[in-house]
Structure formats: C-alpha cells, structure tokens
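Listed after this line are the structures, all set down as structure tokens.
Look for chain A in each of the two complexes below; its partner is chain B in the first and chain C in the second.
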Partner chain A sequence: MEEEIIYYDKSEYIETDSGNKISRKSVISVPQNIVLGGKTIIQQNCIIRGDLRRKGSGYAVVIGIGKYCLLGEDSIIRPPYKIYKGVFSYYPMKISDYVHIGQRTIVEAARIGQYVIIGNDCVIGRFSVIKEYCRILDNTVIPPNTVIPSFSVYGGNPGRFISELPESSQIIFEQKAKQYYDRFIAKIEEDDKKTSN
Partner chain B sequence: MEHLNKNNNKNNIPFPYVYYQCTCQVVSKIRRDIFFSTNQFPLKEPVESEINSTTISHFPPTHFNHYRLKSIYNLYFCPSCCEIHCPDCVKNDFLCFYCPNCLFDVPQASVVSEQNRCIRNCFECPVCFNVLTVVSQKDVLPTSASTSSITDEQNSYYLACNVCQWKSLEIDLSFDKSTGLYLQLQKKESVLPHEVEFQNLRNYYDKCLRSNSNMNSINTKRLSALFGNSSSLLISPSIISHIPDLKTKLILAKRENNQKSDEYNKTNDNQDSTILMEDELEMIRLKNLENMEELTSLEQKLNQPEDQPKFLSHLRIHRIPLRVKLQTKCNKCEKILIKQEIQKMKKPSNIRFAIKCFARDYIPNIFIQQLIPNKPLYKDMPVQVLLKFVNPLSQEIQVSLTTLPNKQNENENKSKPKIDTDIKKSAPKSPMSPIFGRRTSSLMASPKARKRGPSLKISTAPIIPTKIKEEQYKKSEGVSSCNVTVLAKNFKIPAYDPLKEFENETEPTEQKQVGIFEKKKNSVSIVVEVRPTGNVNDRVEFPILVTYSFVNDQKEVDNETPISPNYAELSHGVQKFVSFWTVIGIGKIVEENIDNNKDNKNKENKNKKK
Partner chain C sequence: MAEKKNLANLEKNCVCKDIHFDGPIKLGKGNVIHPKAHLKSSGGPIYIGSYNIFEERVVIINERNDPLNIGDFNLFEVGTIIHNADIGSNCNFQPRAHAESDSKVQDNCIIGPKCLVPPKVELPQNTVLYGANKRRKHKPDVKMQQSLHLRHLTYLHEYLPKHNNCSLI
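Presenting the complex of A and B:
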C-alpha cells in the first residue's frame, strides 16, 4: 500500500533545480563547500558545517552528499577532525546515495556508503566508515574510527554488531529512499489556491 | 474463543501486508500428513515430483504458521527447480573470510593457521571489545621542548581504545613501529605458557610422526587389538582403516606414549607446581584486594579462555575475529542462488552480485495498492482491495487466482464448515485451474472419505489423515474472519520491458475485463472485495493461491545472461506453471460508531475494567 504522504510547508522549503528540498530553518554554513547529489531532503534545524575545513583559501568540497538522501530534523553533519603530526585539521566527509539520517543524530563519519539507514538519536563517531547496505538502530553510539562492513546491523552504546541484513536490502532501501522523496510533498496553502483561482 | 486469542498473539504481522508461503512449508505439511497417516518415524520425505502446483494448492497457509510467512524480499527462486525458497530452506556455503575492520579478504589456507583472526593491524580492546587504534607517543605528549627532542627512531607506539580509554601501556605493551604490529606481538606471545605448551605438544607429535614411516602396513585387526581398551575407544577399527593418516598418528601416539611417556610427563609436573604457586599468589592478592575495579568481568574472562585472568592487568589484546561471507544454494538442486563477486586479496568493499535469484525477479510481485474506502474495517461492511500484480519476467504471464470458499451463512458455518468434497476427489489435473481442493476442509468431510484409509500417494490422491489432524485443523479453521470475492480470476500480465521503463504511460485501448481496475505496462491491478465477518479486533486476512504460467519463448536459451531469468530446463514453447500461496492482511475489525483507533482503545480498556 502506498504510504502516507508527508506534507511540508511550501514556504519553508527551497527546491533546487536538481530536486533538493532544503528547509529554510536548517543551518548550512558555507554552502559553497557542500555538494548535494539531487533529490536530497534537508529538514528543519539540521546543521551542516561546511565551514569546518582544512586551512586554506577558496572553496573545497567539505561535505559531499549523494542523491535521495534524507537529513532528519535536528541532525548535525560535522566533518571529522584529528591531530596529525602535531597539526589539528578537519577532513572532508562523503555521504553516498540513498542514505537516511535520523532525527537528532550527529554524524562525524569519514564516509558513509550507499543504502545506509541511520536511526534517530545516534552518534556516528569521528572517522568512522560505514560501508554499503547497513542499518544503524536508534540510540546507537558508534565509537570513532569504527569500520562497519556491508550488510551489518549495529546497535547499542558503544555500537556493536547485532545481526546481518539480507542480500535483498539494496532493493528495499532504494525503494524506501525513493518513496520517501516522492511522499514528501509541498502543502499548498489555501490562501494560495484562492489567489490562483 | 481461547485458541482464537492464542492465534492472534502468534500472528502479529503489522498491517497491511502481502506475505508469501514458501514451498518448504508445503513440504513440511506433507511430511506431517504422512506421519499422521502412518504414525511412523522417521518422517518420510515427500518425493520431489510431488511438489507441483497441484499439491501446493492443497496446502493453504493456516493460522498456525502465519509466523512462517515471508515477505517477497526474503525469498529466493530457484530457476532450475522453478520453486520458491526462503532462508529456512537453502544451503549456505563459505564464500570468503574477511576482517570486519580492515575489510581485507583472508585466504582460506591462512584462516586456519591464524586462528580465524585478522593478521593485519586489527586488535580489539580486552576491556570493552571495541577496536583499538594505534597512537604515537610523540603525538600525545604536549607540544613542548621535550617533544621535539624525540626523534622518529626514539618514538614508540601503543594501542588505545576510543571507548573506554584503555591503553596497551597498562599491560606494558608498546611497539617500535606503527606497522606490522601482529608480527611484533607474535614474538611476545610466543613465550606465553599456553603457547609454549601448544608448541611443545606439536613438536612432540611431529617428532613421533617423523620417526615412524613404515607402520602403514599394519592391519586393522592388530590395530584394534593394540588399542583394545586403552585410548581412542570410540574410534572403530574400520574407520581408522579408512583414514590412513589418522591410523599412523594413532599408532605412533600409542607407541610413543609407551616409550617416551616419562619424558613428556616430567615437563608437565614442573608446570603443575608452578601453577600451584601462581594460584596461591593470586589468592593472597585477592585477599588483599582494595579496589574491585582491578578485577575482570565474566565476559572479559571468557574472551581469554586460555587462562581466564582474574585481574585486568593480566588481560591481553586479541586480534579481531574474522567474519564470513556466505553464498546461498538451492537445497534441492544445489544451484547457486546468491553469490557475491569476490576479488581475491582485495578489499571486498564494492558489493556486486555474480548471481542473484531473488524471488522478486521471478514471481509476480503483489502489492496492496489501495483500500476503497480507506476507512477502518467494520463487520459486514465490504471494502474493495486493489491488488497490484507486477510481472518481473520478460515474458507475458497468465495468472489465475483461487481463494478459499466463503462462509455462506455464519450460523451454518459454525456448526458445519462448508466443504467441497466432490472437487477434492477429482484432483485437479491442470494446474491452470487449481480447483479448490483444500484438504484441510476435506478432513471434516463426509465419513466416506475417511473410510478410504491411509494412502501415501500424495501426488495422485490426498492422504486421509487421522483424527488428530482433524482436530488441529478445526481449530485453525474458525479464525477466518472475512468473505473474499475475486472477480478477475484469470488475467494476463504483459512482459517487463526495461526499455519501456521511462516511457510515459499509454492507456491500453482494449476493453476492460470485469474485476480489473487498471493495466499499466507490466502490471495489472485487480479488485478484491472483502467483507469482514469476524468479531471486533479480529484480523482481516485471507489467503490467495496464485498460479502463474508462461511459455518460454526465448528461442535461444542464453546461459550467460544472469539478468534475464533463465529457466534452463524449459525447452522452447513449453508452458510452465508455478503456484504459491499468499496471505493478504488489511487490518483489524473495529467497533462501529467509533472512527479512530484511540477511541477504540479507550473503549477496549473500559471493557476490560468492567
């Protein structure tokens, strides 16, 4: 059955040419450093720290986000940092296609592969790498530098391997991500209707 | 009423759903039937040829095994057997071993020699079991004059846990280089008592093996006499004779034992005394313990089974255990159903499937498109369910649907369920028209049928079960809570054409068949009318038998293309039938006059209080 449609306030969201839907209530620092793949939804109060980058001038890709992604309400996307050879520095982050990030989740990963679903209230530690087809349950804390192999379910604090996902996860996750985008529809205000009539 | 509630508890699949019954359910039901008719153990396996669309039609899913139903995404389809398989009825094989942390593929040969653990720089924290990271001493020290004085040669590395802040320095472990840690660690580990003991034993038996080479000719009778009632009692001589390697080893072990037993026991004696001393020291330490935090937890002890240390300071770091990738095979014909592509000695990070036989690429995909009206379900208020059938095959398929007979009248039904014995007796010959021959109902049938006595020929005549079975089924029977009417029982679904996927919908000009809501590309939506007849809170769910058939019209069977389903056994122009049962659940019956669930729940609670 077709799932319920999620209506959003049309005035709150900006829709880009490539179909990205970005809430005006989100905080996107230095958007020039952020690349969005298209058809990605960024919900309200989401914070994306494009300003945290390696020292240097001009723009660079600090955060790359693929297509059909969802950054849930109040989530924080922050590039990872470390001290290497005595120098403190931020490193870029890559989020691939079909990645859903839950509400109030903090992501400081180095890389998130395709078809990953991260639950609500999670912390994805610095430089962690999540491979393709993974699921992070709600309230999980992934320690820094963790590598999560494909087809894994992780949960708990600290996040541990819980179970394996079936091979068909790709299809399910892809459908889920696409359907969510299709269900995310602008609610046309009644006033608008009246004026157009 | 009691059993009804039980069934409801068991079956709590959230609504709405379309679930499928795997073929193995039919197999197990046939086995059970054979048992009930013969009362013989071991359970007889049904003959392979007996599993066809006709037999499947006899075994609708009952409420007893709803929890065994699967979503289409969890099912496989074997193209050579033309059968649905689920995770419970496939075989799994090791495909490759890999480290979950560095993701490197480990060759099978070194998996055994390296104790199933990663041989690179992957270690787990002995305290909290998370991954340890290499830290350079130089980076940690505050940037002061002392840091700059440390040259790279003087620098040392240690392992630290990001979670519990444990450092390998706590067990006096540091490394000179940041790479090849396992090799550096191996030297330190090789002097540990259990490692020494293992090496001693290994050397000892190696020596035994080497010193004997002409013992192979010994005959098994003498061998059994030799072993008589001493060691290896459990190994029968005939087995020994079949394993030449084992035979020599046993002989050698026996002989060497007699000759050199003193030599080896001596070292054991020494070790025993040291262990005793250590035990005493440990007791003293435990008695004087001031801080409980020095002690290990049970989990930590079990993670180090060789010595199960009592103190945190005795924990050692362990390499990360390997994980395995499996491949999935048909349990009947051994055809590989799922196999990932593996590039040897490379990071198996990019997942691609070399072979994938998911059921969704072979059998009609069924979705609940819509409920009309989309409102809560009331008793006796018919709703229309739009079921969408999607054909994933590149051939046109003919679909035929069968439902269980509806209750004519509720009172009549309660006393005597409606049975269609005549149809049952004349077992359907063409799977295209799977006449409803539900054996479950036939159990309550006329005494005539029962008198015919047990029969094992499943494919021709259904077994007549004993009374035990009858009672079982009666219980499951009572739960049917709706009448189902399908108008379009036979329809065709056009082939799936990937080229047309992005084309616009073209409304077909052909006239509409009764009961068909719409046709789109490779899908057909039909109308199913459902009238809930049960009580408030009953689940409205009903089984449908789906039989689909297609003609293999591919002139050349191309074995090389894994994309298009390839029915290898089918020659050109042969029609093939495949059947499976689905269960469609649309919701629970709610009490009338109440429009939303909240009110309903409140009411429920009130009722309970009363």
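Presenting the complex of A and C:
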C-alpha cells in the first residue's frame, strides 16, 4: 500500500515541537482558543475560527483537535451556534484523533469521534455528531443535528446511510492517517543536498 | 419592543479588514462581514440593505450594468455565491448555496446547502430549496428565524471586533 510522497515547500509550513505542520497561508483566528494534539497537518487556505466562542472572558478551548489529523486545502472549521435558554452563543467543537477532513469541506459539527474520514466538498451541519470509525463520502451534505453512528458510511445530499464498515476499519484508518503524516514531507532543495553531501 | 431596543445598538456596519471589497458598493446599517468575504462589482453598483450577515468566503459579484439589490436581515453562510442575482429580505443561504446569473430570490426564502438557483429563475416568496434533486416546499412561518438572526447579529457586533481587525463604519 505504498503511495507517493507529498512534498511541500519548507518555507510555507511551520513545524511545531509536537510535530504539527501548519501552513502559513491558512487563517487561524485567535490561536489561544485552539488546541492541537500533535502531528496534525493544516494545509493552505484553511480557515479555523477560534474567535467565535461562548460569552465571558478568559481562556476557553473553542476548537480541540486530536493527533494525526488532516485539515485539507480550503476547508473551514467553525464552531456551531444556537440559542439556549434565551442566550445566543457559539459552542465548542471537539475533533478527536485520526480525523481526516478533505478539501473544500465546511465543518460545523459539535463532535467528531476518532478514526473518521470526511471526503472532499462536504458540508457537515451545525451540531451534528459523528461517532467513531465513520466514513463520509465526497460531496455529502450532513444536515444539522444529525447523529452518525459508528462504523457507517454516509453519502449523498441530504446525507444517508449507505453501508457498514468492517471492524477492522480502525486499523486501516489508523494506518492511513499515520502514513499520510509520514508521506507529507518537506521538499529538500538542491543546495541543501549539496551541502549535506 | 425588545427587538426594537436591540436594533438601536446596531447602527454601524462591522466590516473585517481581511476581505476583498471592490467597486461601487453601498452598505446600509448594521451589517456584519466576516473575514475572507469577497464583494466585487465590475459593472453596476451593489446595494446592500441593513442587518445582513456575510460569513467567510461569501462571493457577491455584479457584472451587469444594472444595480444588484440585496434586502434586509439576510444570512449568507460560508461559501455562498451570488452572481448577478437580486435577493429579497429575510433569506437564508446555507453553506455553498449558489444563485446563478440573472436569477431572483424573493423574501423569506431558504436555499439549502449546496443548492443551486438556476439562471434566469425567479423564486417566489417563502420557498425552501433543499436536497440534490432541487426539491421545493413552502413554509408558512418565519418569526422564529428572525429572533435567532437578531441575537446572532448582536453577538457578532459585540464579539467580532474584539478578536478581529474590524472597522466600524
């Protein structure tokens, strides 16, 4: 299952101590409110809204992202909002480990469990909950307040249950996520090569 | 009564700096424009009413010579594209909705996620467009939406300038 290596421009990405790779071209508002679990890749033109949060001052986690996650190009992560007891506010969003979010996808979910792969061009509605080990196909629209059970494949507009995943999917998804991180490496420029030789 | 009180605080437009804003565009009052929105007019002017919310990656383009009119209390969610189309009031464009060239959307419409208003089509009042097969239905009541929209506006007016580079016009 060897796939080709994805090279990126070293000057474009920031690499943190915990192994997060964050594109400089992404828009991350209020990074104090965002927690990254480590070894997460945030690709270019990604928008993460950490400023939309519950009323009140001080430090709060608005968006929590686990380890080995991938936020694809042009994807938008923004917390969901609702009126509760007459007060309007945004609510925190939790994304667990090994979650892949495809290109141009808009996510406004409340919680995404471990080992979830979301395809390209999807729209995940407000306060939807995606449980562990799921696959959302490309071009899917998940309506607001949907709960997607474990081991299911969803697709279509509006999103419907299509099939079940085998129990081995945990291992496959984990491998996939780790392999993607390993494949995503900086392009070594020729001058560097010469000096290293 | 309470709604009128709320509106009194929203005299100014809250416009983020990180947007593309080009051509003759006239804003009413109390609008909120999130960062990365794209408003461009290469032809006639764009007249935007009052109390609208434009989220990220909303694209509004006018290439005709006629003016493009947008009413009041509209919500344009992430990635909406309005291309030479007139919009009424109290409309809700859900993520990635697309109003194509020379279409017309009247009052109280909801365009579902990834739905498309075809070119040169006029949507009547109270239409809801949803699903892949462009299903339609008419909805009777809109009052609930209004109160949510007002609270959303007041929240954004209060919190958006705190964390973003905004200008109040």
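The criterion applied here is as follows: the second predicted complex is superposed on the first by the 189 of 197 C-alpha atoms of A that agree within 3 Å, B and C clash if a C-alpha of one lies under 4 Å from a C-alpha of the other, contacts with A are read in each partner's own complex, and residues count from 1 in each chain.
One rule holds for everything that comes next: a contact is a pair of C-beta atoms (placed from the backbone, for glycine too) under 8 Å apart; a residue touches a chain by one contact, two chains touch by 3 or more.
Every value quoted in this text rests on a predicted model; they were computed, and no experiment measured them.
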| item | value |
| --- | --- |
| Which superposed partner A:Y181 touches (first chain B, second chain C, both, neither) | neither |
| Which superposed partner A:S29 touches (first chain B, second chain C, both, neither) | second |
| Chain B versus chain C as contact partner of A:I47, first or second or both or neither | second |
| Which superposed partner A:P158 touches (first chain B, second chain C, both, neither) | both |
| Contacts of A:S150 with chain B and chain C, given as first, second, both or neither | first |
| A:G125 touches, of chain B and chain C: first, second, both or neither? | both |
| Touching partner for A:P166 - first (chain B), second (chain C), both, neither | first |
| First (chain B), second (chain C), both or neither touched by A:S89 | second |
| Which of chain B and chain C A:I106 touches, first, second, both or neither | second |
| Residues of chain A that lie at the interface with chain B and also at the interface with chain C | 83, 125, 143, 158 |
| Complex interface listing, chain A residues touching chain C | 27, 29-30, 47, 49-53, 55, 76, 78, 81, 83, 88-90, 106, 108, 123, 125, 139, 141, 143, 156-158 |
| Contacting residues of chain C [partner chain A, same complex] | 18, 35-36, 55-57, 78-79, 94-96, 112-114, 130-132, 147-148, 151-152, 154-155, 159-160, 162-164 |
| Chain A residues touching chain B - in the complex, by the definition given at the top | 1-2, 83-86, 113, 125, 131-133, 143-152, 158, 160-161, 166-168, 171-172 |
| Touching residues (chain side chain B, partner chain A) in the complex | 16, 73-74, 87, 98, 100-103, 128-131, 133, 139, 143, 147, 162-163, 323, 328, 338, 340, 349-351, 353, 356, 358, 360, 367-371 |
